[in-house]
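Paired with chain B in one complex and with chain C in the other, chain A is shared by the two complexes that follow.
What follows is the complex of A and B.
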């Protein structure tokens, strides 16, 4: 009996101690999310008649969205940006991690931070660095002219490739670190055993190393997916979603609709697409991990 | 700004409204109906202010929501030195769009280092792209944005306007995209390219000359003689022969201001003859008071007479609360064409965007 009372007291204590964080989560996280969902069913606007009379308009925003060419374009752009960034960041991150494996500490200590520099920089700084690097009279074009190659207006001729490269530069270090720690965990004796059995480096890679770090690949892909879906500042600063609609991704389109065209309700409805894409892909990746 | 106007804690007592934003903000209930305050405002009632500008700040309900303090007209500014170098007449007045393109062609051939033509073309230059470029062209075809209060989303004249822009960039008459699709594009053209002879023709507003005054951002003492202004021709030279859009800014009082009387007194002070005369000359804008227009110190400014003259046939943007949304779609459409999308596709995009924003019942095709 005495023991049970103590347990109750313990439970109460836990609850009280948890309360602040639960409250904070509710106020600053759950409520805004629910409000956003609610607003996506309204005609909320910053100006015009709709700003005076907030109305519940049901699925109207969503029907509009299905007919909206720009929504389709921005979904396509978002997926291209996502795929390009994922492949670039992970392949590059993996290669770097692999090459740094079993190298001496000094080498790793010097090379690691150089790659990390791109990652620790705020998005704004990355955007500025990359804009000047890819700009008309930027570093890359200077190199081109030194090599007598034609000048390219990267931000206008190949805008999507340019923002993907910028995002890859920004995000590669994160994948590199994940893969580094995963590769360190691959038991050396299995590899040695494989080599003794006559497996070449390629076979070792496909049959031994990759299966060993499968889970890391999946987790890393999921984290990168979620962070890439939300990229706004980088693209907005480099191209503003342009030229035209060539780099218009969902976050940029959402911002334009909500704050430039002043249609907040429609903007929040577009943000729901992002949420859905994020959820679908996360579920997909967690399934892969669980099937293991 | 819209957010500041929504709360009594943050609403200012006076707000400068671009007149295109006015109907939308009135519809949202952000602004004070000034009609009551104007009953004893002598200059307002005796016709001192230009009638067309008074119309511009009068909402559908017949009430006034702002006092216009500046207006503007647009035209083709050209550098006479470049024209001389290209062997062109420095007293230039194109009759049709084709004349403009022909002139660009000659400049490109004779002065390959000079950018022949510059107009705001991107999303970053915002309203400047809609008004100084697209609407100057569209209204020059004889068509307007609205027909019977419905937005025209597909027409031959939209295509014609976009094709002009397309030709400018396709034939290499325009500046590099990195310069023009930039938020600073207007300043690069007027402060750097045009005065330095790196640009021949710029489609821009009268305020641009404010840069060249002693107090301006890029003083150019000889601008009076080195710069020329030509009216923007209509597409085929059809009547009225030339075209300008006119806009302007107004002083309004937010609905949530707690000092409305004092705010109105301050606006009247700002708009009183002597104070306003100094202001408008320093701004480099066109005055909204007819009596100022006759003041020698104002009217003797270079190009003032020509640009004020454009006012008589000027067109104004639609007084429609949906314009603030439609204008952003215009900017995307123009930028798409400039960056290589075909005019047909850009117009299809515009149709889809506008239809979604204003509703299928508010659009039409021609």
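What follows is the complex of A and C.
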């Protein structure tokens, strides 16, 4: 009995250095998550009647959400944005990583940083240079007119595609780097052996390379999904969620409900969708890393 | 002939992609030196430094860069200190709850912070931290703690315990050996955590946008956004110059971090897009 207590004391002494982190994480990380869950069951508002009387209203916000057409639109938009970004970033990232293998050093030294640049840039700069690039008299339209193609008002005609392309421009380098290091780990002799046995480039890709890097593909997809779900600034700055509701994703809708309509409770209920998806994916991600 | 052609295909594909990727940034670079900058990439008809001068002597802009610097420095220093302390017991001692703690931390690294911003805003209003730079820094620090601790622990694991044991024999405490032995040995790792945190903070737009209200307190990320919102993107030259100046720390820090990273640290599991 006494021994066990001593063990606990010892344990506590050893953990003193952990305390500042634990405290900070509890106050500014765990509490906000709990508050998110709690507020989503309340009528919390910034002004008006409800601002004075915080009431527990049960599942009311969630029922409203199910009936809210805009919620469905923003879920669909979020999924389109997510899928488009994932496919774009990973396919491009993979193509670049694959083609960069065993290439001339000088060439890699010039081309590599160009791809990386979009990833290093802060979000605001990404939004700005993509807004001008796709602008009505921007670079892309200049190229179109040079090629005698019709002018396109990208941010109005195809706003979702435009923000996806902007996000792909920003995020491709992350996938590229992950695929580069994964491809470096593919044993050269297996590839050689396959070639000697008469496998074409396509077969080598399907049978050798892809199976070798499938863990990287999984982790990369997961990390990209988590970061893409939370994208707010890029879309907010480029289109503000518009025109209309065309690029309204969950984070933007959450922001509008909370800070423009001042319905914090309802806004929080919307962010619960994000949080739940985030938690489920994070659990998967933790599992993957754990089993490695 | 066929072989030669096949060998050049990757070069062609990469070159084409690189040109497309370069164009949006090339605009910033060229427009910032252009007297009559427009929305499209073009070689300036007349080169000028005027855009940069206007941006840099503007006091509001100087303040915004200063604010950004204070926030990012504050956050990075706090993350390094607090995560460094936490990493020591996690790396050196046998603790009963250690694995659970580490997996919780790992789990937290990937949660989307966007989802909790509305409640955080309400919480800050209630406890009087809203519109306070200090409050913002504390919150940002907390959001970086998970990957900070995770990285610091991994770096510390690479420092051999034997070196410390010698110091313990000489009567040094855990704290002494953390400061005098471990810190110098894992200095590159500390730099990596510092740089990661700093550039993440410098580029962060959403959190300060939500948690601050006073114009004079906004960091450069928020003022740049306001600049391009309010001016309806008309003064392209200045806008480009502002972006270029604002992007410099991110670029410099990235290059620096590559230096430290190449010293053989494995960052798997901690990279966050």
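Keep this in mind: the second predicted complex is superposed on the first by the 264 of 292 C-alpha atoms of A that agree within 3 Å, B and C clash if a C-alpha of one lies under 4 Å from a C-alpha of the other, contacts with A are read in each partner's own complex, and residues count from 1 in each chain.
In this text, a residue touches a chain if its C-beta (ideal position, glycine included) is under 8 Å from a C-beta of that chain, and two chains touch if they have at least 3 such contacts.
Model, not experiment: these values are computed from the prediction.
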Chain A as common anchor, with chain B and chain C clashing or fitting | fit
Is A:229 touching the first partner chain B, the second partner chain C, both, or neither of them?
-> second
Pick one for A:69: touches chain B only (first), chain C only (second), both, or neither.
-> first
For chain A as apex, the angle formed with chain B and chain C - C-alpha centres, to the nearest 10 degrees = 90
Pick one for A:136: touches chain B only (first), chain C only (second), both, or neither.
-> both
Count the residues of chain A touched by chain B and by chain C, then name the partner with the higher count.
-> C
After superposing the two complexes, the shortest C-alpha distance between chain B and chain C, in Å, is 6
Residues of chain A at both interfaces, chain B in one complex, chain C in the other | 135-136
Of all residues in chain A, those that touch chain B in their complex = 45-52, 64, 67-70, 135-136, 153, 155-156, 240-246, 256, 260-263
Okay, in this complex, where on chain C does chain A touch?
-> 10-11, 13-15, 17-18, 21-25, 27-28, 38-41, 82-83, 85-86, 88-90, 93, 95-96, 101, 103, 106-108, 110-123, 138-139, 141-143, 145-146, 149, 174, 199, 202-206, 209-210, 221, 224-225, 228-229, 233, 236, 239, 243, 246-247, 250-251, 254, 268-269, 271-273
Which chain B residues qualify as touching chain A in the complex?
-> 2-3, 6, 21, 24-25, 27-30, 122-124, 176-178, 181, 321-322, 324-325, 328-329, 332, 335-341, 346, 348-349, 352-353, 355-357
In the complex of these two chains, what residues of chain A are touching chain C?
-> 11, 14-18, 20-22, 24-25, 27-29, 31-33, 35-36, 39, 44, 92, 95-96, 99-100, 103, 107, 110-111, 114-118, 120-125, 127-133, 135-139, 141-142, 169, 171-172, 174, 178, 222-224, 226-227, 229-233, 237, 251, 254, 258-259, 264, 267-268, 271-272, 274-275, 278-279, 281-283, 285-286, 289-290, 292
